[in-house]
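One structure below.
Per-chain residue numbering starts at 1, and chain names A, B, C and D are given in the order in which the chains are listed.
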């Protein structure tokens, strides 16, 4: 399926949308398509909003954000996010704030169809005083009280991966993040991949499959679909882009100029990739192949 | 005497807190450099864990983010974030966690969420990320931060990551173990009074006077009976940091304290 | 370390011992060494006691068993287990019974240092009436009540794996079972492996590491150490042995004869393996290698 | 008419319960044969999951145990058991679960734990394994068991896996969805009355009389208004079972009903 069709069919105004990937495999191509299709009133959830949600906020797609760390990793603040929170530009942004551990547990509870999960975390932090979703449960085995976070059930989760077969059986290596948990918690799942491979490639190494086709709504072949984030074994993180974003996004005009040129100004990721061919080549990964293992019996 | 930046001094001092066999939860910047310095100098068996899920990393370049691909290639294990937090951190496998923040207060509480009121923030900061759980669940926490009335207030605007709260036994009473153990600033090094759990200045960096540091701390500062001078980084340490760890000076020139 | 030393140093009388592996990678060699060293009053926990615990029970090592399915998979009952439960032979066996899901959650709670974990399972089953460790918790987000199981914290967990480096960084492929969770929940961990490999082999594919060296007390090279169970990529399950066990174990005499010949009658697994060289060759796995992946950047 | 064993009839009938796209939690024996038969006959997109963690299996030989290595090789995914139970089963991804047991009662409750008293068992059975969670959490359950007063008592000695408990709405009242949908024995096929949730005989196997089946059931049996005859396996089905699925007759000769 094309990205245009996948977003058109499975991402709706007002949805709770999750686009995960912890620095690795962030589905930027899907984010750009959501901006092009002018989705509105989205609630976005993600551990690290990163540049992808900063762009969606600036584009006016977002009503609310659920997150745990809103910065430009290794660089500084997320300017569009701060403008929205501090000044209501382009529109007020409601926030619901956790920690990384809390977000991971929310996805796991959702994926497990449980109302909540407990943790030993959270005594003493003020986060529990500003977010009423942190609640306590008493252990039935002792007098201990534990803080809990509620399950999160996204309407749609979008993940990018190295490869999948045409049925959506999806394999990832390198950093796993929370993509598996987010996908299982979600009503709909869109998988975008660097490469669609024959099922026999997936079946040659079943332990690498993190998302089974049975929960996948759409599979989209989208090479370079995670730029400026990285794909282990395919291309490196574009750290220069992350540094430049600090300048690009500092004022609304600069950010609008970026969206006009790199999002609205291109029809799809293929055109985007062509537009930065040299950069893509510079980011190409070198080869460090793993030792294959034997699945015979 | 070797020429060095304050950041290099902080990195060298932080590295001395790590010993072979330590399992260390690493952040980017000074902590990452300190851990890599310790690894090269004296802590060969030290195991680096990043919250991104990379365990036993051997980065061949300076990681720019905690999810840098160089942390994955050649590491001993790469695990789901659920395992990082449930099994490694909450499971009690982390010996030392490094934390920074916008504010650290008199009792080691850290703020990385907001300056001002949470609902109407003067400055909206990134938030906890994994900091709150590291502060709550690591066996030991080492904090690095710059030294000013703004960054070291008597009380933080918002407790993102719990230290000793209002001091004394309050942290234990809430069921938390561990806690902050050392604070390294660009002016000095602090430990915590075992009773009151208040920051106590234990050493001044070369060239920094007690008066200067008092003028740059948000409360009447307690000092150790005998104030030491923070040891300078050795020539070898400086060489490793400059030639091997941060050759482009990404963290230690641009951000020199 | 040798199996003799590892069991001698890390398995003690009265310990709560877990030897996991769901049909795959069952650490039989370690079980035999525990019998040879005459450990007593052990509490054994495992989803499926399988032949390994049937043998330990018959050898008089076991005081109590915590389990969820006590049968000879695909064959019939476990005769030594039934003699102990029904007739107290060779000694009474205390049992504490869960379900597979419950045992998995007990290990996960222990590994996560939580007092318990909740589940939607267990309404209506009589298991909750005969085991007081099933308790209820009320969700702080609704009126729902959920059943919980308590964390399990083994004194020692023993797992068998395809390969590990000398520091105990352990890799498994094929069926994972609950070895990771059991190991993280345990005070001590013994890993026995088909092969000790250089660290660079482990580091070539870090996503395959399920147990990190930091939690491992001893690594024992023990080829064929899982027979009669199987090791994906090394040797097939010895289904004939499982079928023969039904006859061998039907009466005490036959079972004692087996232990005398195959456990007490051999000094170690190497001798055991030599003694069934032809069978080993017949079980040798064929080669079905996975497609290698690229970890470069 | 083709010559076939009762087990082959049961396998054929059970296979008809599966459709393309179903995600099926498979056990060993009749269920495994039924799923593999359906897969070859009419349910190409059926996805087999075994509690051992193998998903999308394409066994090249008859699996002897639910953890047979042939279930791993060439499968679509192999996952930790924590995921099997949390994400797949409790997460609501399993359409059909097959269960057997030593006893099934009037309301579809299954006993695979003990005959007699739990503390002083006449016969100690293997126990639940994954059966209890499959009965509680799969969308639909199909039960296979032999037909006798011993195996079909009015009330099971021990409820290992919940069916409709004492009937009516009791299962729903406890917060459980799904439930047993069909029982296939060596004499007939039963469904559940939508109101009372009691077993109702819907078809007799060829050659079995109503009288015989009444004599072999532990309570006054209810029957459907029009009793059908269970369809015989086709020649093609028998060929697949004998030549492809169980050529050594491991399950279907030795255990022929």
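Heads up, the rule we're going with is that contacts are C-beta pairs under 8 Å (C-beta built on N, C-alpha and C of every residue); 3 or more make two chains touch, one makes a residue touch a chain.
Just so you know, these numbers come straight off a predicted model, no measurement behind them.
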Please report how many Å separate the Cα centroid of chain A from that of chain B, as a whole number.
-> 28
Hey, how far is the Cα centre of chain B from the one of chain D, in Å?
-> 58
Rounded Å distance, chain B centre to chain C centre (Cα mean) | 41
Where chain C touches two or more other chains, by residue = 108, 113-114, 119-120, 144, 173-174, 176, 180, 204, 207, 230, 232, 236-237, 285, 288, 295-297
Check: chain B positions touching at least 2 other chains come out as 54, 69, 72-74, 78-79, 90
Chain contact graph, described as a line, ring, star, complete graph or other shape = other
Write out all the pairs of touching chains, ordered by chain label.
-> A-B, A-C, A-D, B-C, C-D
Using the touch rule from the top, collect the residues of chain B that touch chain C in their complex.
-> 23, 47, 54-56, 58, 69-70, 72-79, 83, 86-87, 90-93
Which part of chain C faces chain B closely enough to touch in the complex?
-> 108, 111-114, 169, 180, 184, 199, 202-204, 206-207, 209, 212-215, 295-297
In their shared complex, at which residues does chain A touch chain B?
-> 22-24, 47-48, 67-71, 73-74, 77-78, 81-82, 85-86, 97-101, 104-105, 108, 119-127, 130, 144, 173-178, 180-181, 230, 232, 236-237, 239, 242, 285, 288
Parts of chain C lying in touch with chain A, wherever the complex brings them together = 113-120, 135-142, 144, 146, 148, 150, 162, 173-174, 176, 201, 204-205, 207-208, 230, 232-237, 285-297
Can you check the complex and tell me which residues of chain B touch chain A?
-> 28, 51-54, 64-69, 72-74, 78-82, 85, 89-90, 109, 113, 118-119, 121, 123-133, 136-137, 158-162, 165, 170-171, 174-176
